[in-house]
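Next come two complexes, and both contain subunit A; in the first it sits with subunit B, in the second with subunit C.
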Partner chain A sequence: MPTTTAAAIGAAQRRVAGPSLARRIEANPFTWLVPVAVMLGVFYLYPILDVFRLGLTNASLVGSDERYTLVTLRAMFENPALLDILKTTFVFTIASVIGQQVFGLAIALIVMRGERRKLRGMVALRTIVLIAWVIPGIANGLIWQMLFSEAPFGAINSVLRMMHISPVAWLSDPNIAMLSAVISNVWRGTAFSMIVFYAALKAIDPTLYEAASVDGAGHLQKLRFITLPQLRAAILVNSILVTIQTLNTFDAIISLTGGGPGRATEVLSLFTFNTVFRNYDLAGGSVLSVLMLVISLVLALFYASFMPRREASE
Partner chain B sequence: MMRLRLCTALLASAAAFVAVTAHADNLVTKDRVGPADAPKSFTLRLTNDGPTSTDPVWAEGYQKLFSEFIQRHPGWRIDLERMSDNIGQEQARMLEQAKSGNGPDCAAVDSFVLALFKGANVLKPLDEYFTKEEVADLFPFIREGITGPDGKIYAWWWNTDLRVLYRNKEIVPDAPKDWAELKAAALASKEKGGEGVLFNGGRWEGTTFDWLANFWAQGGKLVDDKGKPIFAEGENREKFLKAVNYFKDLVDSGAAPKRVATIVNYDEFNAAAAAGTAALFIGGNWQYGQLKNTLEPEEFAKWTFSEIPGPTADQRSTGTGGWTFGAFSNDPEKVAMCAAVIKEVYAGTGNALQQQLPTAAALYGKYDVFKTEANETFAKALVNGQARPGVPIYPEISNQIQVMMGDVLSGTKTPEAALDAANTAVQAAFARL
Partner chain C sequence: MTHVRMTHEAREKWGDAFTYLSAIVIAAFFLTPLAWLLSLSLRTRQEVFLGASRFIPKRPTLDNFAQILSDPTFLLYLWNGLKLSALGGLGCLLVAAPAAYAFSRFWFSGKSALMMTILAFQMISPLVILVPLYRYMARLGLLNSHFGVTMVYIAIGVPMCTWLVKSAIDNIPKSLEEAAAIDGCSRFGTFWRITLPLAAPGLASAFILIVILNWSQFLIPFLLLNKDAQLPISVAIFNFAGTSNASSTQVLAAACLVAVVPAIIAFLLLQRMIVGALTAGAVKG
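Then we have the complex of A and B:
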């Protein structure tokens, strides 16, 4: 066969077979995602799958013979304390989410207004609020424990006594202890909400407010008909993040109340921690972790269903 | 000429001292004892009781002891690991690591969880490193705690502690001997501006441990010989409820403040003593030294301690804890080094350094620090010492007692309802073990 004919056939075969393997790998977007997928798989997906697996065993830090069973699953869901703990978790989460959003939005609005009027100290104000956010949960709990201390030398009660007001059982009364836990969590988490809302407020077109002013709208009307609708997506995204963050909070509570008195402030994450690290029940803790994951996912999907959708034309 | 010789001698001594000190400093670093290039090494996981202690006196003392130790064992290096203050979590992690074969070669094991480590078969026997006489000299509850079902010893319990009733002699001159006397003394101290008697009542192990003395003093048993929880059955139930009602009555009557339900740290008692708001509290023997360091000498002189009051004057008990060392390594040489650390650094010398109570009677006569009146009194009180049962269900029993105490002291549940709830949870957990 003449050389030219062979070359022509080879070229034709390459055209039929398509581009080379290297080029195909290069052109395939999944190739570029493999490193990330491997990282996520090893460090995130595998532990999650292992937690699912452990939940279906009798694994314990003190036992030796691990076997697959549904006994742990049933024991965890039949635990009479679980319902009370879920109620406590619900109250703690909803109060924290609402509190953090309200205070975060209020501070963001104050900062925005201050900046618009070119007031000094707005950066300092933002920084001070952020300090609470960077304090570790354990330290946050210890700070509030000192403040709420019911000892004669407790900080807040000492101030109340100076004002001739009866001291408050901040941590020993089961109902007030929950309020104290919420206050400490809101104090710490407000800064995050403030940052989210501050960024969202910056993105609102100022001409909307100018038009509203021309139409004679007051401050409250602007807040209700312009600011809040424009912040809808930010509020929903923030709600998802703050809810998940609050559901996972146990460090601040363990150092503030330890979950007590009794189980008054024992939220699901703390119950899970205690199950694993105090009762050495690895399987039970895994079941509770899966429960937390399911609750977080359901709530995230619930919030996401309210997210404004992009129009097809956009 | 004489002066010149003297100066030369002084300079030489100083140079030698600096050289020795520098050498010792090099031998003990933050994460290592011994030369970095030593051919053999083993890992040693410690608590605050070691060369990296936050207490400068203890740190300096252990640096010296470890420096001398490693010079007696040339060719070895100790890789130090330090536990955080979250002891429960640290011990749980270490147990998991040891089970999977990744534990340290030698480590401090809390006596409270020693039974779990023994049950998991992760500890190596230490019999060949301690003589029969040394083992026989240990207090009975200590010997029982370290001995496995096969009669071998699986750890060395090197220090112990106990709980006592501290009181300000100016406000409470006489030691209350029984529950009624303690209540009366607490109420009397309130009339003098105090808070009454303080004790642990929050969600932590100290609450269970300190309160159990009142249950044990009546002869109550948490578990039977097979480790099954029996605290809510028959006579034990009555004794349990009697002890719970005693604490409830202290709070309801005002003899103890409601804030005891929030106390999760012995340091709270030191703070109250320093602030002059407490005249009575149930604390650990180690707090005597802390009070001495915290209070002005004339204030400290007002404080003393006595045995925890029982239901009657002749029914007494106190909870005893402490720390052990265990070896996890499969290498006999490393196990031998672990035993050497225990014998040469901790048992006796470490006790004397930290003024923590030894576990063997002979050591009390060996060191001057234990010949003080206070330490001799502590040693006598150990006669009524009782360790927590070394059974796998104990952590859950403790957890449920903490919950129960919070519910009862805050008035959320009656003692009977709280006990039933605790027993239901414990029995369910026991059934799954």
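Then we have the complex of A and C:
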């Protein structure tokens, strides 16, 4: 009898609790986050943990039995190629990041000035720059290959020949190939920096410039003492995004140079790819993946340390 | 006084001239590669070898386009690209919208830290996760399946999508939702019937942006798909470039152009929305 009463009460409670339980579930914000958490957990967190684990094994992409060892780790760091790869990655990244931001800022300033003076064609200019940004990375590499090509159909060299200037080995000279890779990457990536700076420039209080004009400041002084300090946060955030994006650049390089000539443009992401999917060295590739993560994290923290403190309201 | 204003005006005029000059140089830099691509794609094989002197072909031809567009596999690549991009975009919205709603309408401790954490996933290269995922998906039998690729697309798009949809929901007044709640509508019902329809323009721009990004996606399908008939256009043109030689450059150019034009058109049609979404995200950092 007591058990049946308890059961009855339990059932009654459940009946009463039924709708309110649903309400309570949907009133909990974390319920709403479940789909995102599952997707990120399965496709990011688990793989990342696995990358750390695999780095400590001798796993291969094709074999199945693997054991834990530090041999892969040591072999990877003793690999003389790694230092060259890191140097290449550093040059490619720093040149792209500086190039994209300086160029992006210059374009944003020109568009802003044009809009202030109500010049025509500024939206068109912004659009033209942004079009490059939606070009798929693979197509970007292939298009620039047609421009840099040393074959007769290479645009740049055939113009040079028409002007009786000796052609340049854009893709076959190791030093110039890096420059070519940077140019093609800047072409595609500048739009992002431009739009970030454009939005940030719009947010600057115009009275600052008016006050500076009253004080007799010239254009360069305004740029130096108002624009750049006001853009500081935007520049830092953008630096983080562009640096990481460039570190992760893979498709635009594989389709432009394939990492060559030799290893002149083989950046870390391409090296990782080759290690895993060409040499089937899953463990070695995992070590490199961890290295990529660590470099990204260290750089992000490095930039963030220059960040002005956010207001309490944020 | 007049003199001062005149010089100021004159200086502004010089500034305008400089602005236009720079604008032309910049536009030329950004347009030349595409113009060259178009030029090559309209040439015959003979004219391709004449280089820049035939920038405007003497005997322009559409044969290259006819050749690739009459190839059923090429159309299949385009279709696969569209299918994967769109399914990935749709899946992204489904997964991200509830989270975006929670971030917009609930207050809970750790909310901004959680949002930053989600954004941080965006920083991780797809390559890093694909290294272990490849074997993992092979074991689950998800290699060579569009389903598997779509799932990875969704995961990769989710961080950005969550932020975009959150800012779209932020812009909707709460009053309608409150009215629905008073009428006894459940929270989920309100979200589904009131919030999402009102956020439709923002959802649409997020969707288009994600679809454009998915269209450029290369690494994931390149690794996870092996069968030719399953490949999206981005992988197909890369493979085509690997097998083509100097004498088929004009066909490769046409194929590249066909691969990039849909992205450009989608972008141009929705430029205002996309730039709005990007700048909103950029300001928030």
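To be clear about the criterion, the second predicted complex is superposed on the first by the 270 of 314 C-alpha atoms of A that agree within 3 Å, B and C clash if a C-alpha of one lies under 4 Å from a C-alpha of the other, contacts with A are read in each partner's own complex, and residues count from 1 in each chain.
Here is the rule we go by: a contact is a pair of C-beta atoms (placed from the backbone, for glycine too) under 8 Å apart; a residue touches a chain by one contact, two chains touch by 3 or more.
Predicted, not measured: the structure shown is a model, and the values here were computed from it.
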Exercise for review: Check subunit A with both subunit B and subunit C modelled on it and let me know: fit or clash.
Suggested key: clash
Check your understanding: So, does A:181 touch the first partner subunit B, the second partner subunit C, both, or neither?
Key -> neither
Review point. Is A:233 in contact with subunit B, with subunit C, with both, or with neither (first, second, both, neither)?
Key: second
Point to revise | Contacts of A:110 with subunit B and subunit C, given as first, second, both or neither | key: second
Review point. Touching A:81 in the superposition: subunit B (first), subunit C (second), both, neither?
Key: first
Review point. Thinking of the overlay built on chain A, is A:244 touched by subunit B (first), by subunit C (second), by both, or by neither?
Key: second
Check your understanding: First (subunit B), second (subunit C), both or neither: which does A:171 touch?
Key -> first
Practice item. Return first, second, both or neither, reflecting whether A:153 touches subunit B, subunit C, both chains, or no partner chain. Key: both
Exercise for review: Return first, second, both or neither, reflecting whether A:262 touches subunit B, subunit C, both chains, or no partner chain.
Suggested key: first
Practice item. Go through the superposed model and pick first if A:277 touches only subunit B, second if only subunit C, both, or neither. Key: both
Review point. Does subunit A have more residues touched by subunit B or by subunit C?
Key: C
Practice item. For subunit B, sort through 4-12, 22-30 or 94-102 and name the stretch that clashes with subunit C after the overlay. Key: 94-102
Study note, to complete from the structure: On subunit A, the footprints of subunit B and subunit C overlap at residues 61, 151-153, 276-277, 282
Review point. Tell me, which parts of subunit A touch subunit C in their complex?
Key: 22-23, 26-27, 29-36, 39-40, 42-44, 46-48, 50-51, 54, 61, 106-107, 110, 113-114, 117, 119, 121-122, 124-132, 134-139, 142-147, 151-155, 157-159, 161-162, 187, 195-196, 198-200, 202-203, 233-234, 237, 240, 244, 247-248, 250-251, 254-255, 269, 272-273, 276-277, 282, 285-286, 289, 292-293, 296, 300, 314
Revision key, fill the gap. Contacts from subunit B onto subunit A in the complex sit at residues 88-89, 92, 95-96, 99, 116, 119-121, 195, 201-204, 257-262, 264, 268, 271-272, 275, 277, 392, 395-396, 399, 402-404, 406-407, 409-410, 412-413, 421, 424-425, 428-429, 432-433
**Study point:** Contact set on subunit C toward subunit A in their complex
**Key:** 12, 15-16, 19-20, 22-23, 26-27, 29-34, 36-37, 40, 48-53, 94-96, 98-99, 101-102, 106, 108, 111-112, 114, 118, 121, 123-136, 151-152, 154-156, 158-159, 162, 186-188, 212, 215-219, 223, 234-235, 237-238, 241, 246, 249, 252-253, 256, 259-260, 263-264, 266-268, 271, 275, 278-279, 282-283, 285
Revision key, fill the gap. Listed in rising order, subunit A residues that touch subunit B in their complex are 58, 60-64, 71-72, 75, 78-81, 149-153, 169, 171-174, 257-264, 266, 274, 276-282
